[in-house]
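Presented below are the structures under discussion, each in the form of C-alpha cells.
In what comes next, chain A is part of two complexes: it sits with chain B in the first one and with chain C in the second one.
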Partner chain A sequence: MIIEISHFLSVLAAGLFFLVGYFALFTSSLNTAYLSNLISRTYSHGFLFLICSFIIYVWLAITDNFSVQYIANHSNTALPTFYKISSIWSAHEGSMFLWIVFLSLWGFIFNVTVKNEEILKAKSIGIISFVIVGFLLFLLATSNPFATILPIAPLNGADINPVLQDPALAIHPPTLYLGYVGFVIPFACAISFLLEGKTSIKWEVLARKWSIAAWVFLTVGITLGSWWAYYELGWGGYWFWDPVENVALMPWLAATAFVHSLSVSIKSSQLRVWTILLSILVFSLSLFGAFIVRSGIIDSVHSFANDPERGLYLLAFIGIIIFISISLFVLRISSIQSKLTIKKFSKQSFISLNNIIFGALIFSVMLGVTYPLIYEYLFDQKISIGAPFYNAIFIPIVILASFFLFFSVDSKWSRNSSFSFLKKPIFLSLILSITSTLFVMIFFSTKNIPILLSVFAGLLIIYRYIYEIINYFLYKKFINPFSVIAHMSLGLLIVSISFNSLLSSERAINIYINEYEEYKDLKILFQDLGVEEKSNYDSIKAKFLVEDIKGNKFNLNPEKRKYFTRGQITTETAIHVTPLRDIYMTIGDQLDDGSWIVNIQINYLIRWIWISALLMGLAGIMLIFSKKLRA
Partner chain B sequence: MKFLLKISVFIIPMSFIFLFFILLTNEDSYPGADYDIYEIPQFELKDLDNIKTINTDLFSGDFVLNVWASWCITCVIEHPYLMRLNSKGIPVIGLNYKDEREDAVIWLNKYGNPYKTIIHDFKGTLALDLGVTGAPETFLISNGQIVAHFQGEVNDLIWKDVFLPIIEERKMF
Partner chain C sequence: MNSTRKRRLFNICIVILFSMSGAGLILYSLNSNLDYFFTPTELKNKTISVDKRIKVGGMVLKGSVERISSKVSFTITDYKNSVNVEYEGIVPDLFKEESGVVVLGYLKNQMVFAEEVLAKHDENYMPPSLKIVNDN
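Here is the complex of A and B:
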C-alpha cells in the first residue's frame, strides 16, 4: 500500500508540473499577479508531492521493503543504513528518480527565493516544469522504480556492488547530478528570455548565481569521482578519458565558458548571443550525458543500463529540447546581437577568445566520444580512443589558453589596452617562469617539451597573480579575489598534472614474506600476510613496513577481498599520503614459488590536483555568497 | 554569412541527434563478427615471460584466441567473462597486443589470468597478419584454422550468438 502511495504521489506530481507548464507558457495574460501566483504555488505543490514520494521511497529502502523490485535487486538487510540509502542511486531507476527530485529541487529553490522579474520567473518555472514532466514520464514509462514483486517478496535482497560501497561514491553521484540538473535554471531563463523577445530583460543577472552554484557542484562532483577512482579501482590514476568521464567533462567545459561569457553579458550587454548559445549547450550536454550513460551505447568502466528503448526516449526528448531552443535562438538572433563592437585587447575580447577555445575543447571531446561509434557503424570495426588523442589536443590548447589568461590580467573592461613585454608584471613573471622552468629542466634532467611548456604556462599564471596579490597588499590596487583564486588554482592544477606525469612511476615487484625489496628511494619489508573472514567477504591482508630515504617508517596494508554474494574480487589499495607524493600499493597474486606480486606506485602531487580543483569550487562558493551577487 | 551561421547552429546538434538515432536503431546486432575460414599465419614470438618461443605449432587443437592489452578499457570489462570460459575448461590463449611486458604483468596480477599461454606481440606483427584492428578481439581456432572472428567485447550474449553455433556445428572442445 505504502509503495502505491509513493508511486501515486509521483504521478500526481507529474500532472501538477504539467499544469504549471501549461499555465506559464500557453496562457496569454501572464501579466496578472493572480496567474504568476498560481504558477508559483502549483509548482511548490508539485514539488511537495514529488519530495514526499521520494522520502517514502527512502524510507522503503531503509526498512528493507523487498517487495519493491528495485530495492530487492540493489540492497540487502546486512547493509548499514547509510548504504541502504545510497543503494537508491546505485543503478538506473533510482538514479533517474534522484535526478528528477534534484531537478525539481533547483526549481523549487528558484521559485521561493526569486522575487523580481515576475514574467521571466513564471516562464522559467514553466519551462523547468515541462523538463520535469518529460523526465517523470521517462521514469514512469520506461524505468519504473516502484515496480513490485508480488505476492511474495524475497526475504533478503541482492547485494550492491562492493566497489560502490564507499562513502565517496555514495556522495559523488548526487553531487554530480546536482551540478548537471542545476543548469536547467540558466537554460530556462535563457529560453524564457527568447520567448519574451525583449532585449531589455536582463535574464543573465537572474541566472548568474544559479549558474555558478551548478558549476560548483559539477566541479566538486567530478573531483570526488576522480578521487574515488584513484583509491578504489586500484588503477592509481586520476583521469582515464573514459566515456562517462568525458560526458561529465563536456558540460563542465561548456559551463566554465558559460559563466565567463555571462559576466560579459551582465557587464556590457555584449556576447549575449554566445551566452544564450552556451546556456543551451550546457544543458543539452548534461542531458546528453544522461543519454550516453543510460542508453548503454558506449562500453565503459561505468557500464550501467543497456536498453535501447530508454535510449530512444531520452534521445527524442533531447532532440525536442534542442530543436525548440535552437529554433527560438535562430529566430531571435538578430535582435539580441549587441551593436557595440568589442575593443581590441579588452576583457571582453579575451573572454570571447575563451569561448572559442572552450568550444574547440568541447568539440574535440565530442569527437573522441562519437568517433568510435561512427567508425563502428561504417566499417564494422571497434576502435578505442584514449589518452594519446586527448593529450594531443588538450595540451597545446590548454597551454595556449594559459597564455591568453596571462595577458588578460592586464586588460580592462571595454577599453583598448596596449601590450608590451617590458611592462613590469609581464616581464617579471615571464623571467621568473622561464628560470623556474629551466631549473625544473636541469634538476629533473628532462627534455619533455610538452611537460616543460605546461609547467611554464602554469607558473606564468601563478606568478602573474602573485604579483597582483602583492600589489593589493602594498598599494591597495583592486583585485577580484574570486578570479584570483580560481585562476591561480587553474595554474596549480596545470603544474600539478605536469609534475605528476613527469615524476610518477610504478613497478610490480616479486617479494617473499620477511624479505626486503628496494624501489626508488623506498625500502620495503614484507612483514606478514593474514587471511581473515568477514561477514560478507574473505580477505587477504598483507603487512608491509616501508622506509623512505629520510628514515620515515610507515605501514602499508594492501588487501584483496572476495565477496560471497557476487564472487567479485576487489583490491583494497594501501596509500601513504604525504603533501608531495603518495606511496600507493596493491597486492596481486601469489606465484608458484611462494612469492607475491606487489604493485607499487609513487604518485607525485596527486593530492594537489584535487586540491586545486576544489579551490576552484571554493572560489565559486565565495562568489555566490559575496556582496557582488547579493543584489 | 549570417544565414550560414544560423543554418550551422541548427544543423550541427541535429546531425548529432540523427547520428545517435541511427546508431541506436541499428538492427545489425553483431557488426564485429565474421566467419571466414583461413589458416593461422606463420609466426614465431616469445611468450609474456620472455622465456618460451611460440610458433604456429601451438594451434593444433581447439582454442579461443583473445587479443588484449593493458591499455584497453573494454578488455577490463570483458575480462570476467574470459575467466568464466577458463573455469569452464575452454582453453583461452592470450595475444598481448602492442603492450609493454611489465604493464601486461601488472594488469594480469590485478585482475587474474584467464589465459593458458600468452603470446607477446609487441610490434603487432602476428596481429596484423590475423587482421586485428584493435583490442579486444577474439578468434575461434579449430586445428590450425580460424573459424570465427569477433571484434569487440565478448560476453555471454556474444558467446551464445556468435561462437556457440560454430562450436556445436564443429563439435569443438
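Here is the complex of A and C:
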C-alpha cells in the first residue's frame, strides 16, 4: 500500500508540474499578480508531492521493503542504514528518481527566493516544470522505480555492488547531479528571456548566482569522483578519459565558459547572444551526459546495464529541448545583438578568447566521445580513443590559455590597454617562471618539453597573482579575491598535474613473506598475511613495513575481499599520504611458488590536484555569498 | 562594397580559416591516436605494424593463464581463433578464465604485449564489445 502511495504521489506531482508549465507558458495574461501567484504555489505543491514520494521511497529502502523490485535488486538487510539510503542511487531507476527530485529542488528554491522579475520568474518556473514532466514521464514509463515483486517478496536483497559501499561514492553522485540539473535555472531564465523578447530584461543578473552554485556542485562532484576512483578501483590515477568522465567534463567546460561570458553580459551587455547560446549548451550537455550514461550506447566502466528504449526516449527528449531553444534563439538573435564593439586587450576581449578556447576543448572532447560511434557506423570497425588523443589536444590548448590568462590580469573592463614585456609584474613573473622551470629541468634532468612548458605556464599564473596579492597588502591595490583564488588554483592544478606525470612511477613486484624488496627509495618488508572472515566478506590482508630514504617507517596493509552475496572480489588499496607524494599499494594474486604480486605506485602531488579543484569550488562558494552578488 | 562590409567579410574569412584549421588539427590528432578494436579472428587476417596500439577483446581461454614472476600470460579466444597475450602487472579483480577481457597493447610476432588489461566491471554488466564476442 505504502509503495502505491509513493508511486501515486509522483504521478500527481507530474500532473501538477504539467499544469504549472501550461499556465506559465500558454496563457497570455501572465502579468496578473493572481496568475503568477497561482503558478508559484502550484509549483510548490508539485514539489511537496514529489519530495514526499521520495521520502517514502527512502523509508522503503531503510525498512528493507523487498517487494519493491529495485530495492530488492540493490539493497540488503546486512547493509548499514547509510548505504541502504545510498543504494537508491546506485543504479539507473533510483538515481534517475534522485536526479528529478534535485531538478525540482532547484526550481523550488528558485521559486521561493526570487522576489523580483515576476514575469521572467513565472516563465522560468514554467520551463523548469515542463523539463521535470518530461523526465518524470521517462522515469515512470521506461524505468519505474516503484515496480513491485508480487505476490511474494524475496527475504533478502541482492546487495549493493561492494565497490559502491563507500562514503565518497555515497555523496559523489548526488553532488554531481546537483551540478548537472542546477543548470536548468540559467537555461530556463535564458529561454524565458527569449520568449519575452525584451532586451531590457536582465536575465543574466537573475541567473548568475544559480549558475555559479551549479558550477560549484559540478566541480566538487567531479573531484569526488576522481578521488573515489583513485583509492577504490585500485588503478591509481585520477583521470582516465573514460567516456563517462568526458560527458561530465563537457558540461563543466561549457559552464566555466558560461560563467565567464555571463560576467561580460552583466558588465557591459556585450556577448549576450553568445551567453544565451552557452546557457543552452551547458544544459544540453548535461542532458547529453545522462543520455550517454543511461542508454548503453558507449561501453564504459560507469555505464548502467540498460536497454535501448530508454536511450531513444532520452534522445528524443533532448532533441526536442535543443530544437525548441535553438529555434527561439535564431528568431530573436537580431534584437539582442550589442552594437558595442569589443575593445582590443580589454577584459571582454580576453573573456572572448577564453570562450573560444573552451569551445575548442568541448568540441574535441565531444569528438572523442562520439567518433568511435560514427567510425563504427561508417567503416564497420570498432575503435576506441584514449588518453593520447586528449593529451595531444589539452596540453597545447591549456598552455596557450594560461598565457592569455597571464596577460589578461593587466587588462581593464571596456578599455584598451597596452602591453609591454618590460612592465614590472609581467617581467618579474616571466623571469621567475623561467628560472623555476630551468631549475626543474636541471634538478629532475628532464627534457620533456610538454611538461616543462606546462610547469612554466602554471607557474606564470601563480607568480602573476602572487604579485597582485602583494600589491594588495602593500598598496591596497584592488583585487578580485574570487578571480585570484580560482585562477591561482588553475595554476596549481596545471603544476600538480605536470609534476604528477613527470615524477610518478609504478611497478609490479613479486615478493615472499618475510622478504625485502626495494623500489626507488623505498625498502619494503612483507611481514605477514592474514585471512579473516567478516560479516559479509572474506578478507586477505597483507602487512607491509615500508621504510623511505629518510628512515620514516610506516605500515601498508592492502587487502582483497570476496563478498558473499555477489561473489565479487574487490581490491582495497593501502595508501600512505604525505604532502608531496602518495605511496600506493595493491595486492594481486599468489603465484604457484608461494610469492605474491604486489603493485606499488609513487604518485607525486596527486593530493594537490584535488585540492586545487576544491579551491576553485571554494572561490565559487565565496562569490555566491559575497556582497557582489547580494543584489 | 563599403569599408565596413569589406572588413566584416575579412573577419568572417579569418574566423572560418581558423576554425577550419583548428578542426583539421583536431581530426588529424584524432586519427593518429585512435586504437582499433579486434577480435582474435579479425586479427588473423590483418597485418598491423608493431608500433600501432590496438585493443583485442574476447574470452580468456580455460587453462591458459600462466604466471611467471610478475608477468602473466594468457590466451584470448573467440572460440574460432585465439591469440596469446603477455602482461606485466596485476590483472583486474574480475579477470577470470572463461570470462570476458579486453587488452590494450602492441602486436609483435602474433603475440600481444599488453599495457592494460580490462575485465568487465560487474557480473551483471557486460560491455557491448564483449557482448558481441559472447554471442558469437
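Heads up, the rule we're going with is that the second predicted complex is superposed on the first by the 631 of 631 C-alpha atoms of A that agree within 3 Å, B and C clash if a C-alpha of one lies under 4 Å from a C-alpha of the other, contacts with A are read in each partner's own complex, and residues count from 1 in each chain.
One rule holds in what follows: a residue touches a chain if its C-beta (ideal position, glycine included) is under 8 Å from a C-beta of that chain, and two chains touch if they have at least 3 such contacts.
None of these values were measured; they are calculated from a predicted model.
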| item | value |
| --- | --- |
| Fit or clash between chain C and chain B when superposed on chain A | clash |
| Which of chain B and chain C A:N599 touches, first, second, both or neither | both |
| First, second, both or neither for A:A360, with chain B first and chain C second | second |
| Which superposed partner A:D410 touches (first chain B, second chain C, both, neither) | neither |
| Touched partner set for A:A392, first chain B, second chain C, both or neither | second |
| Partner chain in contact with A:D548 - chain B first, chain C second, else both or neither | neither |
| Chain B versus chain C as contact partner of A:E196, first or second or both or neither | neither |
| Which of chain B and chain C A:T570 touches, first, second, both or neither | second |
| Which of chain B and chain C A:T370 touches, first, second, both or neither | first |
| First, second, both or neither for A:E517, with chain B first and chain C second | neither |
| Intersection of chain A interface sets (partners chain B, chain C) | 234, 299-301, 303, 381-384, 386, 508, 569, 571, 586, 588-589, 597, 599 |
| Contacting residues of chain C [partner chain A, same complex] | 22-23, 26-27, 29-30, 33-38, 53, 55, 67, 69-70, 88-91, 93-94, 104, 121-130 |
| Chain A - residues contacting chain C, complex | 161, 234, 296, 299-301, 303-305, 360, 363-364, 367-368, 371-372, 375, 381-386, 388-389, 392-393, 508-510, 560, 566-571, 586-589, 591-592, 597-599 |
| Chain B - residues contacting chain A, complex | 2, 6, 9-10, 13-14, 16-17, 19-26, 31-32, 71-74, 76-77, 102, 105-106, 108-110, 112-113, 133-135, 151-153 |
| Complex contacts: residues of chain A adjacent to chain B | 234, 240, 242, 277, 284, 291, 295, 297, 299-301, 303, 308, 311-312, 315, 318-319, 322-323, 326-327, 329-330, 333-334, 366, 370, 373-374, 376-377, 380-384, 386, 506-508, 569, 571, 586, 588-589, 597, 599 |
